[in-house]
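Notes to accompany the following structure.
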Amino acid sequence: MNIKFKTPFATAVAIGVGVIVLAGYFIPGLISLRFLFLRAGLVLAAVALIVGILNLFAVHFRKMAQNDDNSGYSLILVFALIATLLIGFFDMFQSYMFGQPNFQTISWLFTYIQLPIETSLMAVMAVSLTYAATRFLRRNLHTYAVIFFFIVLMVLIGTLSIFTPEVPFLSQIRQWIVQVPALGGARGLLLGIALGTIATGLRILIGTDRPYGG
Amino acid sequence: MTVTGFTGIVIIFLFLGSMFFFTLTRDQEKEKNLRQIPAFRRIKEVIGLTVEEGSQLHVSLGRGGFTSLQSASALAGLSILQEIIKASSVCDYPPVATTGNATISFLAQDIIQGTSKAISTEGHERSSVGELVGLTPFSYAVGTLTTIRENRVSANILAGWYGNEITWLTTAGERQNSPTIAGTAQLPAQAIMYASASEPLIGEEIFAAGAYLGKKPMHVSSVKTQDIFRWILVVLMILGIVLKYLGMHDIFQSILMGVS
Amino acid sequence: MSPINLSDFIGLSLGFLFTLLVFSYILGDNPLFRLASHIFIGVTAGYVAIITINNVLVPRLFLPLFTGTRGERLLSLMLFIPSLFLFMKITPLRKAGNWSVAILVGIGAASAIGGAITGTLFPQLLGTINSFETPTKSSTIFSILNGLMTVLGTMTTLIYFHFGTGHMPGQTARQRPLIKFLGKIGHFFIAVTLGVLFAGVYLSALSALVERLSFIWDYLNQMQIQILP
Amino acid sequence: MAEIQCPNCGKINPEGKDVCDSCGFPLPSQSPSINQETPSTSPDATDSPPDLPSDAQDLTPGEAQEDIPDGEDEGDEGWLDILHAAEEGEEPGDLQTPSEEDEEKKEDTDWLKRIRALDVEEEKGQETPEGETFPTWMSEVEGEEKVEKTPSEEKQELPDWLQSEEEETGEAEPILSEKDEGETAPPEPAQEEEGHFPSWLEEEEEPSPAGEGPIQPFELDEDDEVIDDLFDEELPSWLSSVDMEKEEAETGDDISPGELPGWVEAMRPVVESSDTSGLAEDEEYIENYGPLAGIPSVLPAEADIDQTSVEEGSKLSFELQVSKTQKEYASLLENVISREGKAKPKGEVKPVATQRVLRWLIAIVLIISVGASVITGGGTGNPSPAGHQKDDPGPAALYEMIDEMEARDTALIAFDYQPALAGELNATASGVVNHLLRQESYLAFISTQATGPSLAEHFITNTQSEFEYQHGRDYINLGYIPGQAAGVLSFSIAPREIVPIAFNGANAWDSPPLKEIQTLSDFDLFLIITDDPTTARMWIEQVNPYISRYKVAMIVSAQAEPLVRPYFQNSPQQISGLAAGLPGGWAYEELTGSPNLSSVFLFPLNVGIIVTILTVFIGGLANGILNLIKQRKNKEKRGVS
């Protein structure tokens, strides 16, 4: 097994920090050290987010110059980003300088632009999910696909709370499906995912996977 | 140190030991076959088609953060990206990667440049791109639509941490008639992928990408280690039930309950 | 419904407009939807940047330099170095920022392992064992069978994901009969679980549709009041 | 006395004459040696256009056709036989000698000998050898090899027709002179005596197009391999077939009567005004060579090599007279090869019509049915709950937890859901928080997501507007703690240090709601509102050791219910109250007796579910049956084939 490190320093940092934080989970004495690194991680993640936004800004700025059919939309995105940042800094300036309750304006933007768009995106998903369920048996026609299909229908029927009070067993079937077989399957899935997560994390900590350009 | 903490450390060292053992005693001829996973076979087919058609592959790495459990899905997505770049180095348009987390976008760009340099396609004027397209789940989903909508993109591979916003990505792929191979660790999102993606990766299959696509020794060993630990968990469950049946349930309770 | 102030009415009108722009995607991808989505991406990016600066960078990176204790001041100073190197990631000298990203990857990997062991492995294992009900006076045959079914579901689902097959190379990927049989049962439980989760996601989406349609109806009523009081 | 017929004008001349009395055209001589080399007696055969390279001459259709022996000429393996042999795939006699070089040497010597023979005749006094009449410039070329001539001398020796052409086009002169200078200045080491490529051909090969620097002359290999490769007799089959067709198209020229084979005669083109593209038409010129002899204004047999078509690199400089179809084949081939390198942009993808129609149908049915139920508002009072709401202990347990709270107790609420699910969770939580406000509790909001604080503000100002709770007096928005699990754990251990200031910048812990709160366990209720099972599990695992589980309750969305319910259902319970989705919220409002958003939304939700069940059931079964039929057809097809 030959491992060539292109950036040995970054690899050493990743392994060192990882081992200390992991030890902090199991050795009580190292908990404070773990917190120290986690708080450092919070700050670095926040700085990375700011750098990411600068990168997003630069990418769309370049797309504006290309004047293909998407460059108009990039202009709108850049304009919306700058406007929101200016409003946000104005709010922060007011709160720190004059002690006024801050984020009034930016909350207005959140309430009347971001919130309606996100809930509408979620609402349109209802149509997409109905369409996916309808075409599901067109793509897969094996036993388990049929089971999946009828379970979806059974759970939806069991959720009905109008027109079905006379047939209570429908909701009891739904309750049983959710609390017995579905719970067993969910636990099995979660345990399998936990094993995969441990394996992926350990490969980083022993340095065989080095996504940071190592 | 608590019993639970000690148990955790024992599990980690057992896992590491098993991974190294399988790697060092790896025997090429008696290499253990792995069961067929249609999604990974489809990824290989899609790469071949892309090379022939001269079209482009889109790899989306999700929006998982790096200070929690979600990072594992992001790391699995990054290893899939690496294998795809290696396999599609002769494409006219190298793969494009999108993500909803700043740190993942840096890592994607590092992987793209590192792998391109390794297979000397760095000078390729149309080099791959790792783009941050949005910062909240749904703005990330909507930002990715622009890439999926590109006529050049012939297939979408979604591997990372997702929520229910993944519905937008799978249905956009279907509208473009391009196959979508998707995998994540979040369960509700897996249910959506199972219903709407052309090839879903269920459960922990996403973490076996390195072993299936790249056949890397350490990845194959960690898949074997997962198999062993799977059976250890089954035995522990049976043992726990027998002890509970015999009334000695406290042993497991104390081992597994208290973790500070 | 009483008349509302102008800024709220403008806000509601904006919300109403964006709702219709997003719903237009049902008819097909169109420029109106793209317009709304790009405004959305810009506003959310700006919003998240402001909240992050206000809630993380100011109180944990800048303020400790002036008001913090010696230890906090030292930590903030030390954090400035990797933070500056992170800014290199969008410059040609991007390799210089690798070690800063490596810190995040190290923390991410450790959190994943620690979270998986303490947050999933132990609780789910204990939960599975607790699902089994020892036959006592209070427990019914029904609950015992339920417990056994849940445990069976967990075990067979785990076994379904068994990756390894026969040892000899060139052999087709045939699993051992026992694993194959248990895997089939596990696949049944997986299909049930994913069906339940899909129905849950669908209900959430349908609730959002109900809320949006009632918002549209409320807005039309409000506009009527606002225009012809 | 035998007579000689003039190949040019057809007049009969007495034997022994060298030049036709009427047109002065040199008459074919009768000497036996030349006949053998060039079986046909007509002068055209060898008198191919001077400008073409020797092998190219061989390829010129008109003459080649004439050279076709009438079956009796065995000895001279003319180039046409080679061509024929190559076509029929035989080994053309001695051509395919074991070693390539011998074969090339033999070809060299044939055309070289002919040139030398002409050269000798030329020097004697312009008497054209029978059948071998090369223009003076050819001999001049020979001459050049021996004596380095100055450009001006060369020019005087050029034949009139060439000079006149030069003056007309005005180009040849500078090109030639340029070439000569270029030619003479750098001695070409590669050009040896034997096998030297005549400089006129190099000029022809590499004319320098206007506006560019002179193109490097065509570099000859020592043993002329390049030439032979270029003019290898064994032409690729498609080209040789081109030759044959070309010949058929062109051979209809009028040769002196009686001499052309009948089938050539039949194929002669009808004389029209030839409008050859790219070449300047020379009205006065009458073709005096080849099968087109005597026809005015036809493409001159010794047409200049088309300056424009010569491209750099391996392209041949001679003009292949190919018909239109063959040009298309050639350009098609060229396109295919050039397209290999280019990336082909994928065309516009047309969505499948049936997919779009099905999607529209579902959208119309769903939106109309749910919209109508929103407008009618549920009609007759509240829909009675189905059995499972009564059996669901979650809302009831939560109701008891809040009912036991007293005035001024403080409840910490975590707003940890995506804005997209605000529609569902605001409605579900509205009844619960309404109950808290009616208990006059203090509230504190916290979140691990950046959008959480604004969601909390929007929730309290929109859904609970009747209570007019004020920030700082009745509730405190602690804002956003980053770092997910790590942030939650550190907040659980030391809340005051982790969140020193409130979301609006004011001091959080001096205000009435939080004055007595030092640690997490001082809160009387901890309510987590979330849409993600992972977030729910994170909160439960991190706060578990720091607050009693009897104070922890959850409001989750329908998608998280299957994975969160075990925390409430199992023993020991990790949370003491649970309301899941709109049905859970509605059940809670039923218990408090004051309907809120959940009650308003429940009827449209039920209508939507019914419509969806019918759509999915009918559509799903139809698609399943279609798939079954398709699979059966595929099986039959596989069974048949």
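Letters are used for the chains, namely A, B, C and D, taken in the order the chains are written, and counting of residues starts over at 1 for each.
In this text, contacts are C-beta pairs under 8 Å (C-beta built on N, C-alpha and C of every residue); 3 or more make two chains touch, one makes a residue touch a chain.
Source: prediction; values computed, not measured.
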| item | value |
| --- | --- |
| Pair of chains with maximal C-beta contact number | A-C |
| Closest chain to the centre of mass proxy, which here is the mean CA position | B |
| Interchain centroid distance [CA atoms averaged], chain A/chain D, Å | 36 |
| Separation of chain C from chain D, taking each centre as the mean of its C-alpha atoms, in whole Å | 38 |
| Length of the line joining the C-alpha centres of chain A and chain B, rounded to whole Å | 15 |
| Separation of mean Cα positions, chain D and chain B [Å, integer] | 31 |
| Shared-contact residues (touching 2 or more other chains) in chain D | 351, 355, 359, 363, 366-367, 418-423, 450-451, 453-454, 482-483, 485-487, 531, 538, 558-563, 566, 581, 608-609, 612 |
| Multi-chain contact residues (two or more partners), chain A | 22, 25-26, 38-39, 41-42, 45-46, 48-51, 53, 55-56, 73, 102-103, 106, 110-111, 114-115, 117-119, 121-123, 125-127, 129-131, 133, 136, 139, 148-149, 152, 156, 159, 178-179, 182-183, 186, 188-193, 195, 197-198, 200-202, 204, 211-213 |
| Junction residues of chain C - those touching two or more other chains | 26, 34, 37, 40-41, 44-45, 47-49, 52, 56, 86, 89, 98, 101, 104-105, 107-109, 111-121, 123, 125, 127-128, 130-131, 151, 154-155, 157-158, 160-161, 190, 193-206, 208-209, 211-213 |
| Graph class of chain-chain contacts, one of line, ring, star, complete, other | complete |
| Touching residues (chain side chain A, partner chain D) in the complex | 35, 38-39, 41-42, 45-46, 95-96, 99, 101-103, 106-107, 110-111, 114-115, 118-119, 121-123, 126-127, 130-131, 133-139, 141, 146, 149, 152-153, 156-165, 168, 170-172, 174-175, 178-179, 182-183, 186 |
| Interface residues, chain D side, partner chain B - complex | 343-349, 351-352, 355, 418-420, 450-451, 482-487, 531-534, 538, 545, 559-560, 563 |
| Chain C to chain A touching residues, read off their complex | 7, 10-12, 14-16, 18-19, 22-23, 25-26, 34-50, 52-54, 56-57, 60-61, 75, 78-79, 82-83, 86-87, 89-90, 95, 98-118, 120-121, 124-125, 127-128, 131, 146, 149-158, 160-161, 186-206, 208-209, 211-213, 215 |
| Residue ranges of chain D in contact with chain A within the complex | 355, 358-359, 362-363, 366-367, 383-389, 391-392, 418-423, 451, 453-455, 457-458, 471, 482-483, 486-487, 489-490, 503-506, 558, 561-563, 565-566, 569, 581, 583, 586, 602-603, 606, 608-610, 612-613, 615-617, 619-621, 623-624, 626-628, 631 |
| Chain C to chain D touching residues, read off their complex | 26-28, 47-48, 51-52, 55-56, 59, 111, 115, 118-120, 123, 127, 130-131, 193, 196-197, 199-204, 206-214, 217 |
